[in-house]
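A, B, C and D are the chain letters, set down in written order, and residue numbers restart from 1 in every chain.
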């Protein structure tokens, strides 16, 4: 219930860090009742310490949801099924976590009767957009308070030292760790690094920045063999040769792949990407397990997915869903529409892939399936099977009708393609 | 000039191997004059031995064209500019060589007055299609003789032993090397392996199959640092730190990258792909230098290419040109059309990329450019620049109009998105 | 049961006309037992006369399936839902009928134990491909006999007079109608005209060619008002003001629209299109009712379909499904895939459209829906609603970040866009 | 030169109407020097009266540019070449005029030394976005003043009566015409109607709203025959049978087509469209000449454009360029990129189209070309030509490999496609 004299109840996405702690206190100062919310999406975090801190500095209550399972099952695995990737490189780790967090928040906001929701995202990034579009897509009546876009707030706190001073004044505990010269965001899928010294795109990230994975150079000399089984394009079984263990629980499969990939130096990238708001930005990411899954899934599709379905899916679902996720339109009619075609694309993606992990490499060593779209006899160069060689003559004759007509028309204009020329 | 009594002159794509040697003799037996043609597209080959053999077994003449430069400049580099890739993995090495070979052949056919052209491709593969569509696109009046699709030929030579017996009868020299249990096709860009034991997609290729590259495990322990400079998306300079050398000739740049990548175990892939004729087929490839160039080019585009141009190019040119190349439609109106948009997409792709090569990994370490599309100050999380945080509030408000309307309409129907549910 | 001495049983797509009657007799001559099949897909035809003729000239049995309902419900309406159209103009009438006919045939072939299937399609058209791909997609073991692609047949019957002579010899009854100088194919959806005098694309079709519709000039002077209601993008109710009648049966709705459109001169087109085999071909079509439905459905989507869903659907489903249908890939994994996304695209396409039919014109006069995606107050230029005008300022500021950066980079290179120049 | 004490010079897009006259005076009141700008893009307007009024109420100067030729040549005809259309129906008339107007304004702003630019667009429409993105794309340093998004302005002038009162106070002449219950925007290409009574999408527009065209019912009983010739997809010659006149000047061709179409009731549409900012909006448009050109151009492409080029162009350039134009990204890297592919798509679009205009209908009666991509003999159903019927057998055999494999795999799972079932 909202306190007498309160402007209302705000649900704050709270991390326990300096920024959101100051925001929590500032919101109280502005006259709001504050409910703190912290989602467990697999990040390394002391959730109890965060709870204690939030309550200590004035939160009316604190909610911590363990969203790891829905993160894996509802966000990560569908992205694997659709081979989601942004600008050819980025596996969308931060984007994927936002919808489950936002949904968790909107559920708590409903239970707690919060009319307001707040977060500590900056005014230049993607995450503010992803959070807020998700909030509005789930609850069109919610009101967002974004302090870092509010001049009253950002003019008052122009830098870290102003926040530290405010914390000192208000008795907000500050951990003694010195700030790293970059920002991070971590979850079960990945960790991101951006800002600070990384803003010069020509600066090589320092070796000690990378937190999740070993460097390929420090990774073991000995390769590791694993097998992943997929059903309808979803990973359902992981076998690790070394341990002899088989993993079938969806979260366990992903967590185990993460551990393997971290050990073998797999999943680091360093890119300049284009944010939704139109700025170019440099980001470094570690997505260990996801990198293995992507390689395995794409490989199995080679064996089990019809050519034309694959081509259409690649042209339509993969880029569109990736954009939708990157830009924060998870709760939207276009996502509903685009994902509705995924199941039909994955019906035959059943089988298993053998992989070798070694110093940053994910090497496919073989794959098998009972689906029957690969026909060894038909494909064989050594035997006739399925069709006659003369059929191909007819095929080429028909396929060339259009080309020959075009070539004749060009010849009639005196144009020849025979001489080497600049291709463009 | 065609000999009296001859059915006419055939230009034969001749490799010096058993198949095309038997075809050469068989064509003569059928009453044709045969002109042999061998293109140097960078494969490891004894061109003089091939010439001698062709002439010895009855060719009227022998032509060998060095097409390496036009292969690099007209085929390989445009494919790099457009990030061409087939089914997400295959860099199109065989496909890229076919157009220059076909063009070389059609030029010789014209000079020599050949009305016929022949080749030793099988009746199930892509290369027959690529060759013949290229022939027809260049010369719609040419007639193709494809022995492996002619029952008179393939019924007579059902296997290698029949060819060997024919060679013995006809005095065709046969080299003593035992046949490998797979087929290969090599050029400057790559080598392919298929057929034979590879037809079981679950068979891991034997370690001694890989010819061009060292395995990552045997590659040097020491990483290698290089810098590649691009102008309009084309590689124009390669600097190798270790040697201190700078390479600027286009062919030299590519050849040097090949040598570096081969040493560091870069560029192996193993896939099941979909052939143009609709069969699934297992192929292994080594594309060493091309793998480095692709990573570097895509990275530089992150820094220098406008977001929307990149997205449209990725959606349109890259997949379409890749398909056109894979399927053999290089000499076609659709290629003319698609490539006409490449220059506009690459105007700003100027700058350089720092890379580290290490045991199969191509690691981007930094990139720079004078293009000015990356604005460190605007992108910075630490300063205001270019726009106000409040602008983003307006942006999100407008972007959410559509979502909120949709969410309200759903709510009016009693549908809520807040409860966790199966995403699909 | 196959007769002793027979080569087997053939199911022949039989029309009762000269070609398929000669084929029927010729197949018997070749040693086959022939089962005749005629589908009722709404064409004007004397089905009993066809049955009598088939049995008289030697068919073992005759099957006639009334496929009109499944044609409307399974082919026509889904095409309306997806706005299918080929090359921007052709509504795919012939293509839509082929799958239901082929499916009817394969069901009879199974019941009758036919290992062979035959048809009278020519060797240059689309329909042979559509039929045969459908046969194979339904029954990969079936064997097709295509007489018009068999030299024994087409060399023996080089023209109509040879067929007439054969008919005379074999006692095949020939109707007395003189042949029209074009070919037609009719079904409930449309009629096509091609070949003969139409092969000169500059020849205006004679007025008496058009069979289904009145010409706009002869159509009534008085406009006709109708209302069509859609549920999930499917037409579910038609109200005709003049008659006061309301039609709700799916077939009745379509048949009634056909009658209205035929009367008002709606649905004629005349195009040069590109056949699947790569030839250009001139065709004229009348698709009366379908033309009205298309206009109505697209209009209602304006009111009820989310912008982004519409754009993605237009970019993906509409062209791909249209191509799939045109080229005859109805029974294919890619159709399964593409249509799986239609329901999600049509969830909100509920409402009704008012139309006026007049001399070839289908005029939209208004539309309404309870879906709630159109918000009169938010859209109104006369009131504030939903968002603040200042939000748009922020929106434009953010949307222009990328453009301004680009413009600054161009200016730094001395390039200005201000002077009028050739756009290209 | 900016006056002492002035805040600076503003270039105002001035129409002479009530809104922009009040804005002009209000800007002066705010301390700016105002330069008025009026572009002649073919709208019906008293340009001299506008000049006199602007100067009378305080403008420092007045500029009127006749932009009709560049509008036709640089905007309209390229859109015709690319078949631009938004949401399948709207021909983009307003969008097309904005870039030339914005470019005219930026040129004057440069000459006059204006640091500010202003316009009278509302805060909910597309035109504010189109104008401002164009301004920024041409001059990233310009500052926009948008009074209708400025609370000081819109709170002061909440409706027409407040503006009228201000006009009375400030001596702004007001024309006596009563305001129509909708807004219009007119140029050489089209006129738009929106807002007011049109905001109810079920309201049929009153007959007297339509200004440019006669209604089909009132159009002449007698059809009109014309011929349009295209070169590289651009209209270069118009022949009108009735007058015997031939028009070749680009503007004259367009103006004449407008006159013909207006007379014959061609080019009206009524739609609900999706604005860039995400609102649905009802608009009515008359685009007379453009409707004829579109029909003629698309028809000629059937005869002269390669199938695959057409398909790729339809899939890529047409929708992307249409979106770019609709959303106001004319001066952008993505437009540069997209239009760079148009010339290659139109090389063969040469020839002429015969058309009949009649009561709202544009009927194609024939077309011809010397391009040679249509081959009457090859296409003929009555003769062999170009390829053998047996080739098609091979073609179908190869095309069905994939389908048969799929059908076999389905059969192995006990799935049959033969029974009629719901397609979805």
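Assume contacts are C-beta pairs under 8 Å (C-beta built on N, C-alpha and C of every residue); 3 or more make two chains touch, one makes a residue touch a chain.
This is a predicted model, so every value here is computed, not measured.
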For the copies chain A and chain C, give the interface type as same if over half of its residue numbers appear on both sides, and as different if under half do. same
With centres defined as the mean C-alpha position, give me the chain A-chain B separation in Å. 30
At what distance in angstrom does the C-alpha mean of chain D lie from that of chain B? 42
Multi-chain contact residues (two or more partners), chain A: 277-279, 306-308, 315, 329, 332-333, 340, 343, 348, 373, 375, 378, 386, 388, 390, 392-393, 395, 398-402, 404-406, 408
Which category does the touching pattern between chains fall into here: line, ring, star, complete, or other? complete
Help me check something: in the complex, which residues belonging to chain D touch chain A? 306-308, 348, 371-373, 375, 378, 386-388, 390-395, 397-399, 401-402, 404-406, 408-409, 412
Which part of chain C faces chain D closely enough to touch in the complex? 70, 74-75, 78, 83, 87-89, 100, 103, 106-107, 110, 122-125, 128-129, 132-133, 136-140, 144, 146, 148-151, 154, 159, 183, 194-196, 199-204, 216-217, 223, 268, 270-275, 277-282, 298-299, 302-303, 307, 310-311, 314-315, 319, 323, 329, 331-333, 339-340, 342-343, 354, 358-361, 363-368, 373-376, 378-382, 386, 388-390, 392-393, 395-396, 399-400, 403-408, 411, 416-424
Residue ranges of chain C in contact with chain A within the complex: 277-279, 306, 308-309, 312-313, 315-316, 320, 329, 332-334, 336-338, 340-341, 343-345, 348, 398-403, 405
